[in-house]
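Read through the structures below before going on.
In what follows, subunit A forms one complex with subunit B and a second complex with subunit C.
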Partner chain A sequence: MAKIELCGVSYVYSSKTPFEKKAVNNIDVAIEEGSITGIIGHTGSGKSTLVQILNGLLEPTSGKVLFNGADMHAKKTKLSDIRFKVGLVFQYPEYQLFEETVESDIAYGPKNMGLDKAEIEKRVHDAAKFCGIEEAILKKSPFELSGGQQRRVAIAGVMAMTPEVLILDEPAAGLDPQGRSDIFGGICEYRRKTGATVIIVSHSMEDIARYCENVLVMSKGEVFDYGSCDKIFERSDELEAIGLDIPQIARLLRRVGEMGVSFDKNIYTVGEAYRSIIPFIKGGGGSAS
Partner chain B sequence: MAVLLRDITLGQFFPGNSLLHKTDPRYKIIIAMVYIVSLFLAKGVLSYALVLVFTFAMIIFSGIPLRIVVRGFKALMFIIAFTAILNIFWTKGENLIFEYKFIKIYAEGVTYAVFMILRLLCLLTGSSVLISYTTSPIALTYGIEKLLAPLNLIKVPVHEFSMMMTIALRFIPTLIEETDKIMSAQKARGADFTSGGIIKRAKALIPILIPLFVSAFRRADELAVAMECRCYNGGKGRSKMTKLKTKPLDIIMLLVFSAFTAGIILLNGITLF
Partner chain C sequence: MSKFIEIKNLSFSYPGDSQNPCVPVLHDINLEIDKGEFVAILGRNGSGKSTLAKLLNLILVPSSGTVSVGGKLLSSDMSEEEIIEVRKCIGMVFQNPDNQLVATVVEEDIAFGPENLGVEPEEIRRRVDQALEIVGMTEFAKHSPHQLSGGQKQRIAIAGIIAIMPECIVFDESTAMLDPHGRKEVMRTIETLNREKGITVITITHNMEEAVCADKVVVIDHGTIVKQGSPKEVFSRPEELWGLGLSVPQVTELFDMLRCLGAELPEGVISEEEGAQLLFELLRS
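== the complex of A and B ==
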């Protein structure tokens, strides 16, 4: 079943002023329940706008957003409930920390949900665990942490609301490789434990290929393509034409393929590549797969 | 609040290509002053009619949509209503038109209130059309700096003030955008800025204000370092990339506005009744 469905959704910023700007245009997308979807696209292609529409922060200028099959902006639905169920982590979320301690910052969301104290405490600790935040850090001020730690605290702040859909806008932007894999590891862990639907906006094809099942490619405010990783990465030439790239390892294997040694075409991560290259080398050449 | 921030069109530049857009900022500041002084000179129906026609023509010439100008009035609604009421009830005159217990309204009071409202609206429209809507903030501060340059002689740091103003103006949109972002992010965590009593609402602002201040200080710090890295050390010996030069258009504008003032003085002398 589709968890969130967009039907002909468009959004215009500063409508009816000289600064009018069409950010997303006529989008039809259905996000399956329990799936993990990557959104990729050039800067300014409307990714951030799209995710804000997905959790009801922006009301589309035209078109409908269905959550669990019901119109999100219908009169009788309470938007605040939707926002608790569709958790959105903004780009650079560390700039939104404000509480005195890490613990109370993570508790801000659950508190707004009106939960009781024991439940809040439990959720804070669970969320901290997903994001790899140690107990000792919980009592510290968020402003004395490193950038990577702050980012994790901010993500934990949204996970603590245990949303059914977790959306993250470039969660790993500007982090070192260790920080990146920690964050993605935490997201996968959260998904495994709660069965949540996950949507990740990213610039990095590598990350998307590694962690996502489906890819939504945005270009100039429109959906360029939407489908499984295999299906999308097959169109590598067209992706390059809109300024995107397929994972480097896939490009490498394709080059090698052009030189006459063919590997499985659907390899996008270093791990998979390793598993198919090593037997080839051990086998002393010839044809792999 | 996000909506509120957007509604303040006062001090918002609308890029365009009109004659007013092309006028030198120094001249625009001067003609704005001429315009305001003329407004206060106007007395009587005829001169007010001229003011209205002239102001309306100014809006048309600037190419700013009338809707935008009218939206700017909203911010001043309260002040306008307040002055109007004050004038209606407290002006004493000869022609009593309404009396109820201690409330007395005179015809003079009503006329005076109408003139007052017109004057305020024209003041707002004129100054925003002449200055904020058609002059980019950077051009405006440059114009002010040039006009105030003589004050340098008595050791007023004109350049520093104008630099401070430029920076402040430069960062207003950034801060508004940032406020918007932080508000959205806290809303995504269930923050509610629109319900509850005044104390609850004030408290709801904390999650916005703290991140906003933190980031404003961070930005200020980064900007200071970046300016030092490019060897900024105050106004002495600095030159500008684009120099302001008086064009025929500027002189014509000045003449048109002087004619407007003269017209008002003339019409003041003619009595209708």
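== the complex of A and C ==
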């Protein structure tokens, strides 16, 4: 079933002024419940506008947004309820930390949902666990923490609302490789435990290939393509033409392919590449031509 | 002959106050950088990379030890003129392009640096045109910076530094916020500056594929230099880098896994070209 569905959605900034700008145009996309979807696109392709439409922060200029099959902007829908169910983590979310302790910062969302004290406490601890935040840190001021730790606290603050859909805009930007894999590990863990639908915006093709099932490619405000990683990364030349790329490992194997050794299938992660090469090394097998 | 940048027994702590003790960041750093060299500095968040960069042009002053640039010892006793000379010599480009542009027209933004240094108008014109040409943005001279893409804005920020004619440019995660195309544009510009214009480049990055382009890779952890060498040397032991919160390019990771399986392959394969050739020979046989 589609968790969120966009039907003919367009959004125009500064409509009816000389500065009118169409940010997204006629988008038709259905995000399946429980899936993990990556959104890629060049700067200014409409990704950030799109994610704000997905959680109801922006109302489309035309078209419909369906959440669990119901119109998100119908009169009877309470948008605040939608926003508790569709959590959005902005780019550099650590700039939004404000409370005196890490614990109360993470508790801010659940508190606003009107939950009781015991439930809030449970949510804070669960969210901290997903994000690898140790108990000892909960009592500290968020401003004493390193950038990577602050990022985790900010993400935990959204997870504590246990949204059915978790959307993250460049969650790992500016982090070191270890920090990146910790953040993505936490997101995958949240999804595994809660069955949530996850949407990740990223400029890293390697991370998208590694963590996402589906990819939505945006270009100039429109959907360029939408489908499985295999389907998307197969179009490497076209992706490059719209300012994107494919993972390095895929570029490597493509080169080898051009030299005359062909592989069975599309490969976009190091693990897949490794498994496909093993038979060659162990003697025989594979499909060298 | 003395090196272009010489760092000796450098330590640095951010000053504390009555409530907080001072925060030690760098300990006993020794590093030499040649003129025209391309150096990549790697290290996890909070390891001290950016602090080190700020010590190179007197944004910060060492707690102990010395930094000299072009044979001149940097110190807080320098006169304002001397400090300006140092800052003219070492330019910096930071992460967020939106925070580095000041004017409403691209060419005025690039002229901002030389104007403030009192350069003659004709000379400013010449430098602005040249800087635009080097970063490949000549056709955007009259544009407004906010209409540009991230990669284009970052190239304008770089042009603004080039117009000051530094001998060395430090790029502090200058590609971190860019899309793949913008990243490539900026990396190409950095390589041109280094290989063709002879500018010394120091790049601080979390992107291992970018570090591969450098002549020398320096790894900092907890404020000390823990590894130093050519990209091939540094990336030849992936497990050591993982232990430092870092990683290796995907090509290197794949070859390391295949080596562990017993395949006869060299260590430290870092480029796609080399990797493709080796893999082709391995699979063909």
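As a working rule, the second predicted complex is superposed on the first by the 280 of 289 C-alpha atoms of A that agree within 3 Å, B and C clash if a C-alpha of one lies under 4 Å from a C-alpha of the other, contacts with A are read in each partner's own complex, and residues count from 1 in each chain.
By definition in this document, a contact is a pair of C-beta atoms (placed from the backbone, for glycine too) under 8 Å apart; a residue touches a chain by one contact, two chains touch by 3 or more.
Quick caveat: nothing in here was measured; it's all calculated off a predicted structure.
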Overlaying on subunit A: subunit B and subunit C, fit or clash? fit
Partner touching more residues of subunit A, subunit B vs subunit C, is chain C
First, second, both or neither for A:G157, with subunit B first and subunit C second: first
With the two complexes superposed on chain A, say which partner A:L88 touches: subunit B (first), subunit C (second), both, or neither. first
Would you sort A:Y13 into first (subunit B), second (subunit C), both or neither based on which partner it touches? neither
Have a look at where A:T43 lands relative to subunit B and subunit C in the superposition and call it first, second, both or neither. second
Touching partner for A:M113 - first (subunit B), second (subunit C), both, neither: first
With subunit A's C-alpha centre as vertex, what's the angle to subunit B and subunit C, nearest 10 degrees? 70
In the overlay, answer first, second, both or neither for which of subunit B and subunit C A:D245 touches. second
Looking at A:G174, would you say it contacts subunit B, subunit C, both, or neither? Reply first, second, both or neither. second
By the touch definition at the top of the document, which applies to A:I278: first (subunit B), second (subunit C), both, or neither? second
Report the closest approach of subunit B and subunit C over their C-alpha atoms in the superposed model, as a whole number of Å. 5
If I apply the document's touch criterion, which positions on subunit A are contacted by subunit B in one structure and by subunit C in the other? none
Interface with subunit A, subunit C side, in the complex: residues 43-46, 95, 149-151, 173, 176-183, 206, 208-209, 242, 245-247, 249-251, 253-254, 257-258, 261-263, 272-273, 275-277, 279-280, 282-284
Can you list the subunit A residues touching subunit B in their complex? 14, 17-18, 52, 55, 57, 80, 83-84, 87-90, 93, 95-98, 108-109, 112-113, 143, 157-158, 161
Which residues of subunit A touch subunit C in their complex? 41-44, 146-148, 173-180, 203, 205-206, 243-245, 247-249, 251-253, 255-256, 259-261, 270, 273-274, 277-278, 280-281, 286, 288
Could you list, by residue number, the parts of subunit B that touch subunit A in their complex? 6, 14-16, 68, 181-182, 184-192, 206-207, 210-211, 214-215
